[in-house]
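Next up: the structures, one after another.
In the two complexes that follow, chain A is the common piece, with chain B as its partner first and chain C second.
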Partner chain A sequence: MVVLILKLYVILVVLVMSVYAIRHYWLTVNRLRGEQRLYYQDLVDDDLPRITVLIPMHNEELVARSSIEAILRCEYPRELMQIIPINDHSDDRTGEILDELAAEHEIVTPLHRHDGLRGKPAALNDALEISRSNVIINFDADYLPNRGALRDLALSFKDPEVGAVMGRVVPINTEANLLTRLLDLERSGGYQVDQQARHNLKLMPQYGGTVGAYRRDLVQAFGGFDPTVLAEDTDLTYRLYISGWKIVYANRVECYEEVPETWQVRSRQIRRWSRGHNSVMFRHFLPLLKSPYLNRREKLDGMLLLLIYLVPVFLLTGIVDSILLFFMGEMQIIESVFVFLFVASYNSFGNFAPFYQIGTASLLDGVSHRVRLLPFLMFYFLLNIWTISSGFFMAVLDKLQSRTAEWEKTQRFRKEDQA
Partner chain B sequence: MSRRMMLAGSVLVLILAAVSLTALAQGLIEMRSPEVPPAQDGGWLLISAFVLLMVLPFVPGLLEVAVPRDRYPLPIDLEYTKDPRYMGRSARRLLLGGLGDALRDPGRHKVTLSKPEVLEIHDGLNLADNGRLDLLTWVRGDAVFGKGARCEEDIHVDGGVTFGDESFLRSVVAQGDIELGKGVHVVRWIDSDGDIVIGRDSTLGISAASGGSLRLGDGSKFRRLWGSPILTEGHDGAPPKPQVPSAVPRHDATGKTDIDDHVTRHDGDLLLDLVTNDPVRPLVVRGDCEIGDGVVFRAPIKVYGGIKLGKGAVVLGDIFAENDVVLGEGSVVEGNVFTQSAVWLGRGARVGSPARRTSVVARKNVTLGGAAAVYGYVLTDGAGEVACGER
Partner chain C sequence: MKERIHLHRAYKRLAAAPPISTTIFLLLVALCDVLIAVFYKPLLDGFVSQVGQLAALAGVPTAVTHWRFLPVWVTEMPVLDAPASFPSYRLSLITFVLGVLVVVIVPRLRPVPKVVRVYVAFLSLLMTASAIFFLFFPHRFPYDVVDFSLLYMGTQFGMWLLMPIVMGVALSSLPSPVPEKLLVIVATVAYGAVFGAIRYASFLFLLQKLTVLSMAAMFFALGPLIDFVYMVSIYAIYVNIVALRLRDRPEVWRWSF
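Showing the complex of A and B:
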């Protein structure tokens, strides 16, 4: 009986992995050969919406000034613009820098938080209360947008069905080491191919929490961001889709970000993402399937996206399962020439699906030698299997014990002179 | 040196790792099946090939790590903003930036713009019929090009410029008005601070942008247009009359309607031809939509299918559609028209207004009928054409 269960589980893992491999290829082929949907960046309209830019900051003295100055350089009518940098319990010079900027620029209105809940969702909720606009644009503290970014993001809300929009992030510290270069490749695949293809296919592009925008009244109608959720962006993504709104992806709205430079910091970051994403998965899986506003394709894509941080858990447990079966001498699971052909095909193509996606993104981005680093992503993926799995089990414990995860800020690496 | 050492070290580590893995695998096999004989000489050959195949994919990457050739961030143009007149403005900037004051006298000068070129400067220019210009040209006054003129390089004109019928030009940027005769072929773009008049059956390259009005003759072909207004043949140039909003029309042809605080969503096709007093909300139609003759709708509309505006119908908001957008005779859209398919503006149709410049954006074709007007921007990824005949 135990052997039968172990064998069935191996088959399940193989099927799950195959579904995701097919998804990778489908999206990649669409990006390469399919029709590319227009985004709203080509609209020219004298009637722009009033916007508020929110920048949550916790101990960001190294980057606070440069980030806000980058936003002030953006081309957008000043009378329609408000910038709220949120000083969230900082104990460095962040608050002082923000007050200096507020004195220099009337549209900069800092929000200082010294009590109440810590963390991005709680900080955003407080800022939404004092915002004077319905279109809210979010940037992280280390982001440097191009001059047209605000206009390109805000224009998408001309579409009455758009609840949120997501731009593209590009790592700026790629030179630092092999890890940052691998993260650069991974980001390319995620945005240039994955997000854009889902936009093309009218599936479910994801709101990523930064370089993005949303309607304030919708978020407030949902009761604001849930401060107990670590992935408030994924939570908003699903709330919007389930209640009939759309999210669009703006590949042209590019923005530099800083990625982790040490494996420890990256591990903590991705563990946090996994924990947050999986808690969102527990919350929205059934409502997603029941939503009357989504068609079958959207539901399938939404389900695959919700389960994405569960795949490494499947893989890890599948490997352990197959090792057990190997030592039990029970590796003969299904005997058929078709199974052999399937396994051979998967080994030839399926295993390489993510690499194919990232390679395609590199091709579209016009890069040259960095694509040679692709094989090294294997080691990075191995790390992800472990950290994402541990994040999943933490999310399970959160659910079982009804405990609240604490927000953890990602360490910055920018030097003062670079800021 | 340190990079080479790092490279050599990395290769060594990988080889050792691969050998260890192989040995481990071999050991596991022997442990599970003691009858399998230990590797003989041929076996070591296989193991060596295995190790080589394990290491080989990493060699190009190791070289890139050791001697980085592509380590910088992906380039983002941090200065990028949407500017419908980007072509003309950047060409003008490039020209003025590449010239010293000493090089502004009439005659030929060697200049370096994006590449080394010869620039010919004229105080004024009058090129005879079938004349030819092969050099980058700057005219500091007005310029007149006769019928059948051919200009192989960019032309900058400080005054106005006229091209005769059947002329061929690469690009022209003028501070005064531009007038193109019939059947003129533009390879790249034209840009004017003043007004532009395009003759019949002309081809306008990738962009025609005007700081004033842009008038298009029947049969003109285009990709991008910018002007306030853009008028097609037959339009008298009179400013539009302000629209008086009527009550909100709504009539369900098929399907069901779902209204929340933000939008009205309708599943199925919808015909708007009745006038009611419902509150105005943006409308999302999951099907096709038709707006009846003379009906005025005051909010934006998003349509999953196509949308057709009847004769004299008015939409005071934007239109977003997945399929074709057809604006009937004399119909008006005060906001933008955006579709993943094609747009057709009927005779006398209008998009935008002098008070609000907007856009017509289509992934497929854009067809402008006679006496049509667009205040602002027209862009198509397909083919753009002025067709004044009856459709």
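Showing the complex of A and C:
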């Protein structure tokens, strides 16, 4: 009986991996060969909405000035613009830098937070209270938007069905080392192919918490961002879809970010994402299936997206399961083929984007030589499996013990001359 | 100044592939698979014979055994038997201690890239698990060299069948001639056969020198996992070639605006 259960579990893992591999193949072919659904960038309208740009910052002295200056260089009427950098419990020079910028530019109105809960959701909630506009654009502290980004993001709200919009994230420090090059490949697969194909197919493009915008009144109607959630972006994505709003993806709105340059920092970042995403999964799985505003295709896509950080846990337990079967002498000829299928599947999905998706994204991006690093992702996925699984188990413990996860800041690497 | 200014990449795409050429390509991929399945006997016999010769070069005598039990069309599987040693209690204990030490120490070696540390820790965990098994249940170890060979050959043959499918699907959407893509698939399977033969011979050698204690690590950390690495490498090199070729052919691309 035990052996049968273990064998059935291996088959289940293979099936789950195959579902994801097929989904990503469909998205890949659609992006490479299908009709592309355009964004709203060609709308000609002088009546631009009033916007507020929010930038949460905790000890961001290395990047604060350059990021805000990049936003100030964006082409958007100054009289319709407010920038609120949020100094969230910083104990370095961040507050000082923000005050200097406020003195130089009238539209920069920093919010200094020294008490109350620390973390991005709580900081955003406070900033929403003092915002003077309904269209809110979010950037993380290290982001450098292109000049047209604000206009392009704000335009989408001319469509009354749109609740949020997401732009494309492009690493700026790609050439730093092997890790940053691998992350560039991963980001390329995730945005150029995955998000755009989901936008094309009217599935569920995701709001990613930065290089994105949303309607303030909607977020406040939801009760604001939940300060106990680490993935406030995924939380908002599902709240919007479940309530009948749409999220659009703007592939042309490119914004440069700094990706982690050390494996240590990357591990912590991805563990935090996994912990946050999985807690959102516990919260929204059933409401998603019950939502009257979504069709079956959207629900299926939404479900697969919600479960995405559970896949590495499946893989890890699948490996343990296979090892147990091996020592029990139950790894016979047919099972060995299953093991290959299983390994092949999880290799093709180990990094959130199968190799053919990343290869296609590189082709579209005109990246030629870097794509040869693709096989190195195979080793990177072992690390991902471990860190994502530990994030999942933390999320389970958070749920069981009703404990609140603490916000963890991602270390920055920017140097003066890189801004 | 940039030497050339490309159109924006945001809504760039290729023209829809002619259904005929995609269908022909996928049918040819299926034909590849059918050929491997139909001619499995000479393929497997040739493979095992090569492995036997390689093993002999490394000083490992082998004998071919034919297993006849399979319920599918592959009714007979040639496998190699070879002498292997069984771990002593002392070797199992040393492996266990060393394995635990590596698992504890390696994650703390900051100068070593974390990916390497994780892979080494994974390998050591497998060796430690194996050592624990041989410390407590040495007589219950369920495999001998023939069993392991059968497991290896089953996986190897499964890979030969699945490689054309996985590569075929991955290559199907790329804008390049059908014969070229087929050549890439054949090259991948051929590389897999050569690599598989060398690995099988190495495993037989290691089973003799390192005892059957290393069997689990061989299968889980150096088995199909590594096969996927070279498969993706070949795919990546080919995409690199296609990308360079397309750079000088802007007429291939379409823009949705």
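Worth a mention:
The definition used in the following text is that the second predicted complex is superposed on the first by the 394 of 419 C-alpha atoms of A that agree within 3 Å, B and C clash if a C-alpha of one lies under 4 Å from a C-alpha of the other, contacts with A are read in each partner's own complex, and residues count from 1 in each chain.
By our rule, contacts are C-beta pairs under 8 Å (C-beta built on N, C-alpha and C of every residue); 3 or more make two chains touch, one makes a residue touch a chain.
Remember, predicted model here, so these are calculated numbers, not experimental data.
In this superposed model built on chain A, chain B and chain C take up the same space, so to speak, and clash.
Of the two partner chains placed by the overlay, neither chain B nor chain C lies in contact with A:F222. Shared-chain residue A:F285: touches no atom of chain B or chain C. By the touch criterion stated above, A:R33 is placed in contact with chain C alone, chain B being left untouched. Contacts of A:L383 after superposition on the shared chain: chain C is touched, whereas chain B is not.
Within the superposed three-chain model, A:I319 lies in touch with chain C and out of touch with chain B [touch as defined at top].
Of the two partner chains placed by superposition, chain B and chain C are both touched by A:L373.
Of the two partner chains placed by superposition, only chain C is touched by A:L363; chain B is not. Judged by the touch definition given at the top, the superposed model places A:Y9 against neither chain B nor chain C. By the touch criterion stated above, A:Y256 is placed in contact with chain B alone, chain C being left untouched.
Between chain C and chain B, the overlap after aligning on chain A sits in one stretch of 1-9, 19-27, 55-63 or 127-135, namely 55-63.
Overlap of the chain B and chain C contact sets on chain A: residues 35, 38, 42, 178, 254, 326-327, 329, 365, 367-369, 372-376.
If you check the complex, the residues on chain A that touch chain C are 25, 28-29, 31-36, 38, 42, 168, 178, 192, 196, 251-252, 254, 263-264, 267, 319, 322-323, 326-329, 331-334, 336-337, 339-341, 343-344, 347-348, 355-356, 359-360, 362-369, 371-380, 382-383, 386. On the side of chain A, the complex with chain B involves touching residues 35, 37-38, 40-47, 70, 75, 144-148, 151-152, 158-161, 170-175, 178, 181, 184, 188, 217-218, 221, 244, 254-256, 293, 326-327, 329, 365, 367-370, 372-376. The part of chain B that touches chain A in the complex is made up of residues 32, 57-58, 60-61, 63-65, 68-74, 76-82, 84, 226, 260-263, 265, 282-284, 299-302, 318, 320, 335-336, 338, 340, 355-359, 361, 363, 376-377, 379, 381. The residues of chain C lying in touch with chain A in their complex are 6, 8-17, 70, 77, 110, 113-116, 118-119, 122, 126, 129, 133, 142-143, 150-152, 154-155, 158-159, 162, 166, 169-170, 172-174, 216, 219-220, 223-225, 227-230, 232-233, 235-237, 239-240, 242-244, 246-247, 256-257.
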